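Please read the structure below before turning to the comments.
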Amino acid sequence: MFGKKRVAIVGAGITLFRRNLKETGKELAYHAAKMALEQAGMELRDIQSVVMGTAPDAFDGVHMKGEYLADGAGAYHKPYTRVFVGGGTGVFTPLAGWWHVASGKFDTCLVVCEEKMSSCYPHPQYAFTTIFDPILERPIGMNLIWIFALEMHRYMHKHNIKKEDIALVSVKNKRNALDNPIAQLGANITVEDVLNSEIMAWPVQRLDVSPTSDGAAAVVLVSEDVAKEVTDNPVWIDGVGWCIDSTHWTNRDLYYPDYVEYAARMAYKMAGIKNPPKEIDVAEPYDPFDYKELHHMEGLLLCRKGEAPKLTREGVTQRDGDLPVCPSGGLLGCGNPIAAAGLMKVCEIFWQLRGEAGKRQVPGDPRTGVAQAWGDLMQYGSVIVLRR
Amino acid sequence: MSLEKITNPLNARHWLGHMEADYRYTLGVAGERFLKEIKENARIMGAKCPKCGVIFVPPRLYCEKCFAKLEEWVDVGKRGEVYTYTVATIDVDGKKLDKPQIYALIKFEGVHGGLIHRIGETDKVYIGMKVEAVFKPPSERKASINDIAYFKPIEH
Amino acid sequence: MKGEEKTLSEVAIVGVGCVGFRPVTPELSYKELMFEAAVKAYEDAGGINPREDIDVFVTCAEDYLEGFSIFDEFVPDQLGAALRPLFTVSGDGMLGLATAYMLIKTGQFDTVVVEAHSKASDILTYMDIVQFGLDPIFNRPLGGHPYYIAGLEMTRYLYETGTTEEQCAQVVVKNKRNAILNPYAAYGANITLDQVMRSEKLFHPLKKLEISVPADGCIVMVLASEKVAEKLTDKPVWVKGVGWCTETPSLETRDWTRAVYTRLAAEMAYKEAKITNPWRDIDFAEIHDLFAYKELQHMEALKLCDYGEAGKLLEEGLTGLDGELPVNPSGGLLGMGYGLEASGLQKVLEVVLQLRGEAGARQIDNAEVGLAHTWRGIPTATGAVAILSNVK
Amino acid sequence: MSVKVKHFPGEEIETKDFREGKVLFESFRPKARYAWSAGIAISRFLEELKNGRIIASTCSKCGRIMVPPRIYCEKCFKPTDGWTYVKDTGVINTFSVSYIASDASRLKEPIVVAVIELDGASPGMGIVHLLGEYGDWRQLKIGMRVQAVWKPPEERVGAITDIKYFKPVKG
């Protein structure tokens, strides 16, 4: 069969996530890619195609930065493509890798995500001012935090959710991150710490937010035939899904991410998942803000609309709960080098399913995991389902 | 296709804006060492691939061909040869330059790669022309590729 | 690669829509430009409804060419892709085409739309943006107009291959004349060799008239699997092979004569399309000609002739509209205008029109196999090749 | 992160290392300037703002009245086929109280930003704008009625900022 080839992840690599790293973006991409190859027991010459995921050029400060990063990603003399769906990029990039292999066109694909946000100075936040419509939105001074705050407020309003419940996500993820050697912000904090932290754009406070970071991550994808040769322990990409909603974010009700649900349904259908809460053992939804984890759990159909805060309060999403969510520490704990952070989630599910997550390992021998990222103007969902 | 079009050109609005910000690029692990050598010692270094055997200029952390980490650094000298060149007569805004600017790719003996830079102290340039780096005075060097002011022809 | 394995489905281009190319388009926003091209493409594909009939949408764009961070945000509505699977490839439209091809080959998707556009006239400082694409440590600090890199390459190319400046200039004469016959072309003209040779040397030996000028336009294409294609159109154009390659971003270590990215991309596409003798097997070619010398250099890298031979073939008229292997019958980018990330689809569009027999006054007789080639321009060494045919 | 890996690459540096010369860097500010064509729909929208009115486009297939206006209905994928004015009053769909400016610096007095669903447009059709004259922000509520406060006609230029902000009104 040419089409519908089964695709496995056989290696993953990652750098430290930090506010500032000395390495150039190319060097970060190299470190992650090299580690992924070593973990897969493969060499660069075994790689037939390369996919890059990296978010706005306005962070790294290089136009066409996919081209700039190519050699660091191992693309020398190779077919190479960059995909870009805003914050959704990190989980989307392995989906692009999936079709490189699933199509039968290539047996192997190296998937690399990189972000060097610290190049934008004095603050990467500035790069986000140009994500808005230049005629209708930029003139009123829109910035990134505002749009999250507007969404968070709408979500709280619709389901009557308290900030105390949302803050639990930040507490959980930062604590999980203490066990993660790459994490930027692992910490033991309390709900009160979150509620007493500085107001940025109410209802968003300082500790509701993940930091900006530098970092890179990579995975090696191979066809079933190659997987058999290189590992006894492949992790299969069994479902892929992605969806974008309308540009007109002020015309949509932000309380619920339809686009995540559509992306999840696409991926679940392919993976044959009918009852997500029962069939999924571990989840890494995108958590650049604490409420986003809850929002995305609902969009991923892991619970009913408005129910995620309750599950969090009851400890269901703790590492030893019934449905561990963000055992990695998430973006809130590990840092948020955008595309690399999304791919970090895929790496985490890979390690969890292989039983290699060390202190972060969730109990119960997990077999099926899901990772998801969000992006654009409250608009993009990318979802991957992995199975052992 | 839309049902309505703009038929009065005065009604076609446009909106001015920009995407400008300040950037601060770390030179990176290899770049910092390379440019420090130029700044402090007026030395041009290359990095040798332990697997492929080639010496890269500019030096880098890794071999782009085989992904080996490059740890052996060598001085490639400050003399090279013009591999190719051009004479630019306009600047980035399209304005005519007061004096045409010669650019060249300068290759060093036994080295893979080279440096793209300006050629100075001459109006003549040809492929194969021997040139030498002219460094700015130490006090003006900032660990930048511009610490080399330009390359000049070597007299035979 | 598994070229020898049994294929699940052939892939065809079943609809194309183009608006432009024009030097400026002040009456349309980029969204409206895209909408017009999309409507045309969907109508051309048998009147499909994108809200239901399309499985995946692929748009090709780079942020700084649009004036946005995350341009992906602004594309779904005008393509009919709101709340549908869409994504952006940060690259040339032909990489989008290759992506669509792979998506259909997975067997999961039957219909994929590819879009690429240029709203170059929205950009006030295009050359500064090209310069912003240079390595920030080793190259950009030197300053200057970034097309000096093309001057460097042309010098070395002429030196190594013996190609003459006149031969390069002749490309301009040919392409601009072809463009007069192309309603999608912005810069057609009857121009003499002497005029090109006498135009200002901006980056010795590269002359002003040898540099393609940007233009506005949008191209949308609908691709489909075999079973769907034959329902939607009686003129499918089959994608027989695609290849793409990045040589290296490093200006210092790349090959300055041989456009290695094109050679490797062509080898991949030829293998898939089972092309063993390109000059014989291919009827005409659309080749990236951002600079006049690039048409010749790329012909050689595409193995249409030996190194150093392209200029002679041109002089002998073999690549003219009525020649043995017409190159850039559309007028190329020199004649159509440089459509930035749409330039690859400009090439594919012409191949599709020729293979359908819809190329009007510039129609090539009995064309069965066409080649489309693209390059991502300065400062990249990234290119792609597609082999298309009206015979399955 | 895998137990198989003992060392994770990356050399952490501090912001002060840049100042103190411990880490070397290159600086640049790109010149990236644009003149975006507003196009058919937004050119008209801006022109009407200058007149002190908010215009929407309509789709006869789904019946939606859409603001900001567009020339295509993204739901039906049809060209819009009408224009209509909507009111400059509406309700707050959501809002935020911001203490940070776009460069992430801290503001002394907060800015309040809101999505406002406009009267006369289809349900849920909002625009984003600022709020003003609200007194204590703690009194603001989702669902409150607001009205546009326009600049004087002679100061309007055909821009979204021809509306200074929306202010709460009784209703």
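Chains: A, B, C and D, in written order; residue numbering restarts at 1 for each.
In this section, a contact is a pair of C-beta atoms (placed from the backbone, for glycine too) under 8 Å apart; a residue touches a chain by one contact, two chains touch by 3 or more.
Because the structure is predicted, anything quoted here is derived from the model rather than measured.
Chain centres here are C-alpha means, and the one lying farthest from chain C is D.
Each chain gets one centre point, the mean of its Cα atoms, and the points for chain C and chain D are 36 Å apart. Separation between the centroids of chain B and chain D, computed from CA atoms only, is 41 Å.
Separation between the centroids of chain A and chain C, computed from CA atoms only, is 33 Å. Between the CA-based centres of chain A and chain D the separation comes to 26 Å, rounded to the whole angstrom.
Of all residues in chain C, those touching 2 or more other chains are 26-27, 32, 35, 63-64, 67-69, 76-77, 82, 122, 128-129, 131-132, 136-137, 141, 248, 250, listed in ascending order. Contact with two or more other chains is made by residues 1-2, 5-6, 12, 14-15, 17-19, 21-29, 31-32, 35, 64, 144 of chain B. Of all residues in chain D, those touching 2 or more other chains are 11, 13, 23, 26, 28, 30-38, 40, 42, 46, 70-72, 74, listed in ascending order. Viewed as a contact network, the protein chains are fully connected, with every chain touching every other. Put simply, chain C touches chain B in their complex at residues 26-27, 32, 35-36, 39-40, 63-64, 67-69, 122, 127-128, 131, 136-139, 141-146, 148, 150-156, 159, 200-206, 248, 250-253, 256. Within the complex formed with chain D, the residues of chain C that make contact are 25-32, 35, 49-51, 64, 67, 76-78, 80, 82, 119, 121-125, 128-129, 131-132, 136-137, 140-141.
Listing the residues of chain B that touch chain A in their complex gives 15, 17, 19, 21-32, 61-62, 64-67, 69.
Put simply, chain A touches chain D in their complex at residues 12, 14-23, 28, 31, 35, 39, 61, 63, 122-123, 125-126, 129, 134-137, 139-143, 145-146, 149-151, 153-154, 157, 180-182, 198-204, 214-215, 246-248, 250-254, 328, 344, 347-348, 351, 354, 356-358, 360. Of all residues in chain D, only 1-5, 8-15, 17, 23, 28, 30, 34, 36, 38, 42, 46, 66, 68, 70, 74, 93-104, 110-111, 113-115, 124-130, 137, 142, 159-161 touch chain A in the complex they form.
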